[in-house]
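Chains: A, B, C and D, in written order; residue numbering restarts at 1 for each.
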Amino acid sequence: MRHKLKLVLVLVLCAWTTAAAQTDTVLIDPVSAAPVLPPPLPVTNLQAQDTDNDHGHAITLTWEKSADDGAGRNSVLAYEIFRWFPFQMDVVDALRKSVSETRDAVRAFRIDLPRAEHALRELREDPGKLRTLRFNVARPDDSTFQLTADYAIRALEDTIAFIREHGPILKNRIKPLQQDLEKALAELPQAYADYPRDGEWRSLGKALVGSTSYTNTGAKESTDKDFIPDYTDLYYRVEAITVDESIRSEAVTVGPVQSRGQWFHAGRVPVLGFVLMFFVFTLTFVQMAKKGANLYVRPLSGIEAVDDAIGRATEMGRPILYLLGLGDATQVSTIASFSVLGRVAKRVAEYQTSIIVPCYDPVVMAVAQEVVKSSYLDAGRSDDYKQESVFFVTNYQFAYVAAVNGIMLRERPATNIYMGKFMAESLLLAETGTLAGSIQIAGTDEIAQIPFFIVACDYTLIGEELYAASAYLGREPVLLGSLKAQDWAKVVIMAVALIGMLGTALGWPAFAQLLQVTG
Amino acid sequence: MRREIPLVITIFVGFLAIVSFFSPPLEGLGEDFTLFFDIIAVFAFFLGGGNLVRIHANKLIKRKTDWVYSIVTLVGFFGMLSAGLFKIGNPGDISTSVTAPGSLFSVLYFNLNLPLGSTMYALLAFYVASASYRAFRAKNREATVLLVAAFVILLGSTPFGTLLTSWIPHPLDILQIPNLAVWIMSSPNLAGQRAIMIGVGLGVVSMSLRLILGIERTYLGDDRG
Amino acid sequence: MSRLAVVVFVLICAAFALSWAVRAGVTGGDHALREAFLVTLSAFMTLAIMSFMYRDNPYYKFAEHLFVGISAAYWMCVGFWSTIVGNLVPRISENLSEFFKVPYSGGGLDFDLFFLPYRYFYMIPIVLGILLLMRLVPKAGWLSRWPLAFIVGTFAGLNLIRYLQSDFVNQISATFVPLFVEWHGFGDFIGQLSLAADGQFVAMMTNLIIFLGVLCGLIYFFFSKEHTGWFGGASRLGIWILMITFGASFGYTVMGRISLLVGRLTFLFRDWLGIMS
Amino acid sequence: MGNLGIIIALALIGGGLLWLLIRAIRGKEVNRRLIFVFILVSVAAPILFTITFEMKPTPIVQALYDKIENLPEGSKVLLSFDFDPPMAPEVQPMADVVSRHVLAKKHKAIFMTLWATGQAQFNITLEEVIRRDFPEARDGVDYVDLGYKAGNEGVLNVIRTDFKKMFPTDVNTVPWDSLPILNGVRSCSDFDLIISLGGGKPGVKEWVLFVGDPTRVPTAGGVAAVVAPMLYPYYPGQMCGLLGGIKGAAEYENYFRDNHPRYAGMTTPAMLMMGPQTVAHVVILAFIVIGNVLYFVTRRKEVKR
């Protein structure tokens, strides 16, 4: 029953608005004085298909320009796109609105009631509080009206009474409304199938002159106001319009068309290609390494320095400061730093010197504690492990820097190792470290910061080298294998770049397009 | 067991994340996982806060060096925490933003956090100078290249660059310092940046692979832990 | 505490008290004292940090420790309100949303992956979060590895893809530049063969350098091949290119650092001392 | 008065540097604290007695200007304030002038931030630019502030495909659907231009990687000088313009002011800041020279021994 009512109501509403719209156009028609131009020719070859590479709920229209677009009479201003809506959509929409509005009302009541009561109490105590009243009461719209205390009190009492009375009623109304909404939604597919009965064409928007396509993207949540159901027959129409909105080509209709989600995103094939390449490379070389093929890796001065640095620290009887940087545990550079930390901590445990790891991120701290602890275990010195050696400082960049700088000047570490993601603080740390006379080894993939480390540190691992570091220190064949794979990937890249470059040089862009990633 | 399950989790979600990129219906997944992380991260905040309090309380009790300052830290911490969690002095009710102007939280932020942070950051101006004095010396070929590039760019970002070299005639005007600076930024610099980017990209990819394939598992700690 | 230190301390206190008073006088208005105090406080903190450049000292230590305390709490609060209250609560519980007065989004017919209502789906991070807190329980500490594994795994996957696409595929295809700029016949080419920034020659050199630069840069990063012979030469060229890059970005950055100092000094001169308009 | 002061200051600096150079030739190192003093003076002096320079926009700055200039009126522009007070001296001027330009061209400005601290920064722009220069602009119609959401790249991941999911309401908890300016905005693809103003992480780079590339929406940025070089590779392919550091901002201010006489009276913080910039740069250059002189002098001595 309620549906029928809503339907009637909505119909009346629509009728009225459309009528209003028409009168409007006549009234404010800019060129009504000018000679009426003949309607432009319609678009041709209008096609509608499900939008590719998406999760459904979208349709793409394509057409060939109207003969009067840019050519011919050149009168086309834009193309207006319409979709056929069953009135059931309005029912759904109305219900959806009333659900959310009722919810809002209930919430508003909850907020207002205590405020009103408070204001009332205040006023009763001291009418003078009227000026500082934080709850504004309903006033009659009358310029001469003067707000008096007892008027405000009365108004407040009314409000409170009203809220007390209607609050619960509204709250109880939410559930049935929701059920109606669900029912209405269930009836949608049928309503769409009834085309062209019980529905009408509605404008979705305009495509600028010269354009030959339009994508109608809807919401996937059925409760959303521009929800487009999947696997449902939809009908579209396109009209070429002129300066004078009322002069338009006859409509070209297309349909039925259904939207559906794709399981594979075809636009991303090149990426997939590279992913697969990497998998293959890594797996093969790791296998080779396991079989014991000896893999050469060139020396990295930064890495070799680590051992000497730890030795130095032991001689001087001073600690080693290890910073994991500002990255959180989601950043691969931080994870790379974990494995470096693991190796370093192991050596530290073996040399029986001490390590300090102030952390910027709590999650990182948690992992770092695990890592250091297990390295001590591996070195067979689990009892030397002190948990307070890995601690959380704060995750506010410069507070962290302030604290670490303090540590540097007070603990005087023999060696500072910076590995991971570093931001503006890189130079603040490195310079202070130099001042404290520590040996400094840095490694980051943050391009902007590498220069500062290079300038202020003794050794710096540049970008990719940071990721190789753990493999270097670990010396496990498996990891070295993955390094080899990395290098082969580089070879492929160079080859690709070379071919691509030659391709463009010889004006043969096909190859470059192969690598185009869409969407 | 303590290590296998986490490993399985890593591998599973890792592959899931990759697949979700290629499969539109799963696109939402990446988003949800990221939201998951944020939520976990907030729990971790409390872990971190707890750790902070423990360390400083420890210092305080054991009367270690500078224990006095630990009091400062603790006071600051709990003061800010209560100001933020209970929205002390916030205008309006609980729904107003925690950083709303007028709240104690924002007052503390703007009068302590802000000056402290920006000043710490501003120290860089001095450090940059001392670093360039100490380190920009033509010790070897690489250092010289570094030095020259930096010098040109520095000169280029002052009006003096123009003054000094504006006399250079048209066909050679690439040699005017500002042009040269722009050219360095957009040509060799670009090449270098790109090389590093691709390198880093490679590093990240193969590191991620090592993680997803369970080759790299240092982050998991140790069975005996 | 040495006598000197005490004297200095007293002097400093006096100076700032004075500046507070003066400031308050200048500001006027009903909140004058408060406003003036806050400005003076900021100024003190600013100078306390700057004093670090002379050497480590009690004032710096004070500022540093205070800073650590506040900032740690800062992010906890922001995280709590924006993520827990802002993003989690609306997805899991209507009553809590009511309590915090945030719009409840999890309800209605909103279904998500695996056809789990958001409510249940978003229990996962809560569980993981709690597991993470298990670290505080010595016996169950190892459970905290599950959330860690989850985080690492997820982002390994996501990053792999992201970097592959953006820092990688796109950067490579960006190197596909025509080494020879458009060919309008030999005479025209000679005619354009100028060193001018707009000249064809420069354009060509640029493309060439970009291309070779990237290649040599990559060669420098080779780990599993000795850098000798032509390969070594290329990698040396590569490191030079990198050095230019680093020099350039260092030089470029100086600008930013100065601006920051300007910002601070402006605060001191204008807002605190009021000796500039 | 001002001129006299600046002359004295410059004379002091010049003389000091000369003296240091002579000491360097004698083979004496410079104490780092002395360097600090020089920097302090060379920055402080031009602030107290202002000097400014005229400047032309470099192409990459011009590009962003033209982009905004040439968008059709009423285009939707997303501006993300991804910076914090420490970075503000550099980035705030960009934020102000770009916002001013966007509103001056009658585009729809949608503001948001990925940094908890960005909200406060936007409020500054709101007061100093929008409310002052555009009293007629209505909140929710001509511009809207969506505020901050935690989650860094996560936020971008979400809004790329579904904006409302992350921002159900604007900063004043006005529901998304009742904001006219957001009609027809479902995801980031529905914007005509995305501008991120930042200098850290997440910042412009993340916007390019997570939103610009996948959605192909023109993306531009204004960044602290430190990250600018890292972003050059993205221009012009993946970015349609970039303001690098205070110089970029100053160029933009200068150019905008010259081409929009209506705002001739606008504040130009960046241009004012170029004074200290120049002096300080020269001082640093001088120190590099001194450093090298010293280096060669000492090396010659060693060779002699």
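By definition in this document, a contact is a pair of C-beta atoms (placed from the backbone, for glycine too) under 8 Å apart; a residue touches a chain by one contact, two chains touch by 3 or more.
Owing to the predicted nature of the structure, the values given are computational and were not obtained by experimental measurement.
Participant: Once every inter-chain C-beta contact is counted, which two chains account for the most?
Facilitator: Result of the pairwise contact count: B-C comes out on top.
Participant: Centroid of chain B to centroid of chain C, CA atoms only: how many Å?
Facilitator: That pair's centroid distance is 4 Å.
Participant: Hey, how far is the Cα centre of chain B from the one of chain D, in Å?
Facilitator: 18
Participant: Would you kindly tell me how far, in whole Å, the mean C-alpha position of chain D lies from that of chain A?
Facilitator: Inter-chain centre distance comes to 23 Å.
Participant: From the mean C-alpha coordinate of chain A to that of chain B, what's the distance rounded to whole Å?
Facilitator: Centres of chain A and chain B (C-alpha means) sit 19 Å apart.
Participant: Give the residues of chain B that touch two or more other chains, as numbers and ranges in rising order.
Facilitator: 18, 21, 27-28, 30, 34-35, 37-38, 40-41, 44-45, 47-49, 52, 66, 93, 95, 97, 99, 110, 113-114, 116-118, 120-128, 130, 132, 134, 136, 146-147, 150-151, 154, 157, 182, 185-186, 189-190, 193-194, 196-200, 202, 204-205, 207-209, 211, 219-221, 225 - these are the residues of chain B that touch more than one other chain.
Participant: At least two other chains touched by the same residue of chain A: list those residues.
Facilitator: Where chain A meets two or more other chains at a single residue, that happens at 111, 268, 271, 275, 278, 330, 332, 335, 363, 366-367, 370, 392-399, 402, 410, 424, 447-448, 450-452, 454-455, 462-464, 468, 483, 486, 490, 493, 517.
Participant: Which chain C residues touch at least two other chains?
Facilitator: Residues 49, 52-53, 61, 63-64, 67-72, 74-75, 78-79, 82-83, 87, 101, 132, 135, 145, 148, 151-152, 154-156, 158-161, 164-165, 167-168, 170-172, 174-175, 211, 214, 218, 221, 242, 245-250, 252-255, 257-258, 260-261, 263.
Participant: Line, ring, star, complete or other: which one describes how these chains touch?
Facilitator: If you draw each chain as a dot and join those that touch, every dot ends up joined to every other.
Participant: Sort out for me which residues of chain C touch chain D in the complex.
Facilitator: Those residues of chain C that touch chain D are 53-54, 75, 78-79, 82-83, 86-87, 90, 103, 105, 162, 165-167, 170-171, 174, 245, 248-249, 252-263, 265-266, 269, 275-276.
Participant: So in the complex, which bits of chain D are touching chain C?
Facilitator: 33, 36, 39, 43-44, 47-48, 86-90, 116, 148-151, 168-169, 173, 175, 199, 208-210, 213, 224-226, 228-230, 233, 237-238, 244-247, 273, 276-277, 280-281, 284
Participant: For chain C, which residues count as touching chain A in their complex?
Facilitator: Its residues touching chain A are 49, 52, 55-56, 60-61, 63-64, 67-72, 74-75, 98, 101, 104, 108-110, 132, 135, 144-145, 148, 151-152, 154-156, 158-161, 164-165, 168-170, 172-173, 175-180, 211, 214-215, 218-219, 221-227, 242, 245-247, 249-250, 253.
Participant: If we count contacts the way the header does, which residues on chain C are in touch with chain B in the complex?
Facilitator: Touch list, chain C to chain B: 38, 41-43, 45-46, 49-50, 52-53, 61-84, 87-88, 99-102, 112-113, 121-122, 124-126, 128-130, 132-133, 135-136, 141-142, 145-161, 163-164, 167-168, 171-172, 174-175, 194-197, 199, 202, 205-206, 209-214, 216-218, 220-221, 238-255, 257-258, 260-261, 263-264, 267.
Participant: In their complex, what parts of chain B are in touch with chain D?
Facilitator: Against chain D, chain B makes touches at 27-28, 30-31, 34-35, 37-38, 95, 97, 99, 101, 106, 110, 114, 117-118, 120-122, 125-126, 128-130, 132-134, 136-139, 147, 150-151, 154-155, 157-160, 182, 185-186, 189-190, 193-194, 197.
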